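Both of the next two complexes hold subunit A, though its partner changes from subunit B to subunit C.
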Partner chain A sequence: MQPEDIIAAVNAVFVEQFEIDPADLLPEKEIFRDLGLDSLDIVDMMVGLQRTFGISLRQNEELRQIVTLGDLHAFFLKLVEENPDLAAKLQKK
Partner chain B sequence: MLSLYLYMSMTFWTFAYLLVCALPAAVCLLLPVRWSRTAFRHLILWYGNIIVRIAVWPWVRVIYDSTAPSDEDDEGVYVFNHRSASDPFLIAMLGLPMLQLVNGWPMRLPLFGFFARRCGYIDTTKNNYEESRAKIAAALGAHVPIASFPEGTRSGSRNLNQFRSGIFKIAMELHAPIHPCCIVGNEYIPDRRFRFQAGRIHVRRMPVIAADEAASFGNAYLLKQHVKTLIQAEITKLEEP
Partner chain C sequence: MPKTRVVITGAGVISSLAHNRQDLLAALLNRACGVRAMPEWADTLPPDTVAAPVTLDQDAVMKIDRRFRRSMGPAALFATLAAAQAVAESGLSEDILGSGRAGCAVSSTMGSASSIMESCSLLLQGRQDYISAQQFFKSAAHTAAFNVANAMGLRGVQLSPCSACASSLQAIGVAYEQILLGRQDVMLAGGSDEVTPSVTLTFQQLFAQAENKENRPPDQISRPFDVARTGLVCGEGAGIVVLESLEHAVSRGARILAEVTGYATMSSGEHISQSDQRAIGRCMTAALADADLRPEDVDLVSAHATGTRQGDAEEAAALRDLFGANTPVSSLKGHLGHTLAASGAIELVAVLEMLAQNIIVGTKNLTAAGPDCAGLDHVQANRPASIGTFVKNSFAFGGVSAVLVGKAFA
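Here is the complex of A and B:
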């Protein structure tokens, strides 16, 4: 699985859950300030990401530090690199 | 031309109201926080009523009705569809001093931002999920009704956009009843460029979804879809020719 596939999978959550224009999904965009999400939207973001990657993110402290979409991409790129089975799950989808 | 007139009228009534409420507002600032917030929410409620019932009349007429039983409890989370920037004013038609969940920018507006902050409105872009949840819990615990627009941002059309799950998850967790409400006819009052048209707006309060019933959906996704379906059905009824 290529890094761009993982990035596309993360971005797809924002398009599906929040109807954000894919052209706006740039790595430097801040999730709250630029993409218009608020703290209550985190529920939908987490559900979407959990469903896409087939993992539980509830207890993940690293996610709390994320500010930009690029941070989120980097988080999942690292997660998939450390857990190759995630890539396999994602490919099946 | 109509927009200019309505903005002038709203500005006039805003300053007239400010003159009248300046002294009570100053006294409210001296009260303990909880009382002060309650008093400011009433000041905002009355202001909203002046704007929607007087300042824009007769070009914009607002009708309010309720299909909920008259003895229904007012506590809980009120969920509205969101077509226009006039919605936060129109919810005053329910006659309840509600605490609104807002996404940042209303808190930064001159004058309005001051009142929103004094009311204790919850800024969901500034507070994280746990903080927002704790503030909502505190408000519900103090019997303060909560107003929420789960579409997140105004649609600017007759469309009902996707609902966000957050407020439904919190309502389920806090065992709070949900009051679906709909507002129709204001998609161009004002439009997304803040221009006004004359028209008739209908605000309707629908029967409550009791806390136990809300919990029976099992997850926030199913609950939000149910509430969205109810609101969509009511909108369709109200917009039937």
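Here is the complex of A and C:
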């Protein structure tokens, strides 16, 4: 699994659930301010990412510190690097 | 002090037959029927089960801003689309909608039954982590009310009287009272409901769903007042009207569709499911008294008549006592099925168009009135008529009756 596949999997949640134009999904965009998500959307972002990556994220403290889409990409790139079985799960989907 | 006059200045509808008032009346006059076979329910219900579902226009749905749409299950979507029609027709400005003097009363039987089923299914699979943040907002009993309020930018009162199949008429009644009390100038009012296997099963279990042992085509199964009626057919949709004080409507030059002149709602105090002619009679009498009218003043009764054996007989008996054979009586449930909490509002919206076009839609599939439903002026074929005053009935499980009285505006 290449890094761009992981980024694409994260971005797909924003396109499918929040109807955001893929062209707007730039790493520097802030998830609340620029992409327009609110507190309820953040819960659904987490639900969508849980479904995509097959893991529970609700108690993850690191995820709560994320501000930009790039932060989120970095979080999952690191997560997959540390847990190679996640990449296998993702490939199966 | 003279009673505040309350008028209707807009009316929208989503139904199995049409998605606006004029098309709905055209379909009703053409004897169209929204009832069809439900192969998509074959896993859960008997294969001959029928219902009258809505097919939504997805382009119209996607026009609702995601910010509002995300919290809408079908019940709230139907209500919001109907409310948008009513608001557009009424010409209410954003300033009026957001003034705090405009509110809503919008009901459904139990919120979104399909969204509740979705949540239960995930819980039973042990997938709590897949439940969306929106699931509560789609499911909640008042989902239709708050979704309409937010999508329309209303800042006044928000109500959602919940009384199963009398819900939307109660919503219109309580909205009427808000304006009478001087608490609001404008109210969006009505109701919405979804047809699901669980709702249909409820009626099947109680032997209230039509049985169709005669193997009739779907469009002939719902037979209000008919001698061969065997029960109701569930449907879905939404109806919303804009109620407004006459003074407010006139001050902004709004076109007036009709006037609401009386309303009553009450309990039977007898039984949770058996209809009761005395309770129905008391409620109609009280609504007519509220309108300061006598039975002979009424030009049309838009009956609740769902096609059940017992319910239709009790309503017919109450109508016979009050009106004899002198007042035209019509039910729309042969065309639309029983749209549950939405039925009172959808049927009121249809009556408004009957008023405008001077015609009464005949009760579909009423070939010969049952002996227990006889002695009324049943409108079987469509009948040209100038409708001055009308009565709209809704009755519900729980022993609830609601009756609204209205008239052509003059």
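We adopt the following convention: the second predicted complex is superposed on the first by the 93 of 93 C-alpha atoms of A that agree within 3 Å, B and C clash if a C-alpha of one lies under 4 Å from a C-alpha of the other, contacts with A are read in each partner's own complex, and residues count from 1 in each chain.
Here, a contact is a pair of C-beta atoms (placed from the backbone, for glycine too) under 8 Å apart; a residue touches a chain by one contact, two chains touch by 3 or more.
Because the structure is predicted, anything quoted here is derived from the model rather than measured.
In the superposed model, A:2 lies in contact with neither subunit B nor subunit C. Once the two complexes are overlaid on the shared chain, A:32 sits against subunit B while remaining clear of subunit C. In the superposition on chain A, A:58 makes contact with subunit C only, while subunit B stays out of contact range. Contacts of A:43 after superposition: both subunit B and subunit C are touched.
Looking at subunit A, you'll find residues 18-19, 40-41, 43-44, 47 touch subunit B in one structure and subunit C in the other.
Listed in rising order, the residues of subunit B touching subunit A in the complex are 101, 103-104, 124-125, 127-129, 131-132, 152-153, 161-162, 164-167, 169-170, 220-221.
Across the interface of their complex, subunit B is touched by residues 17-19, 32-33, 36, 38-44, 47 of subunit A. On subunit A, the positions that touch subunit C within their shared complex are 18-19, 40-41, 43-44, 47, 50-51, 56, 58.
Note for the complex: subunit C touches subunit A at residues 66, 70, 129-134.
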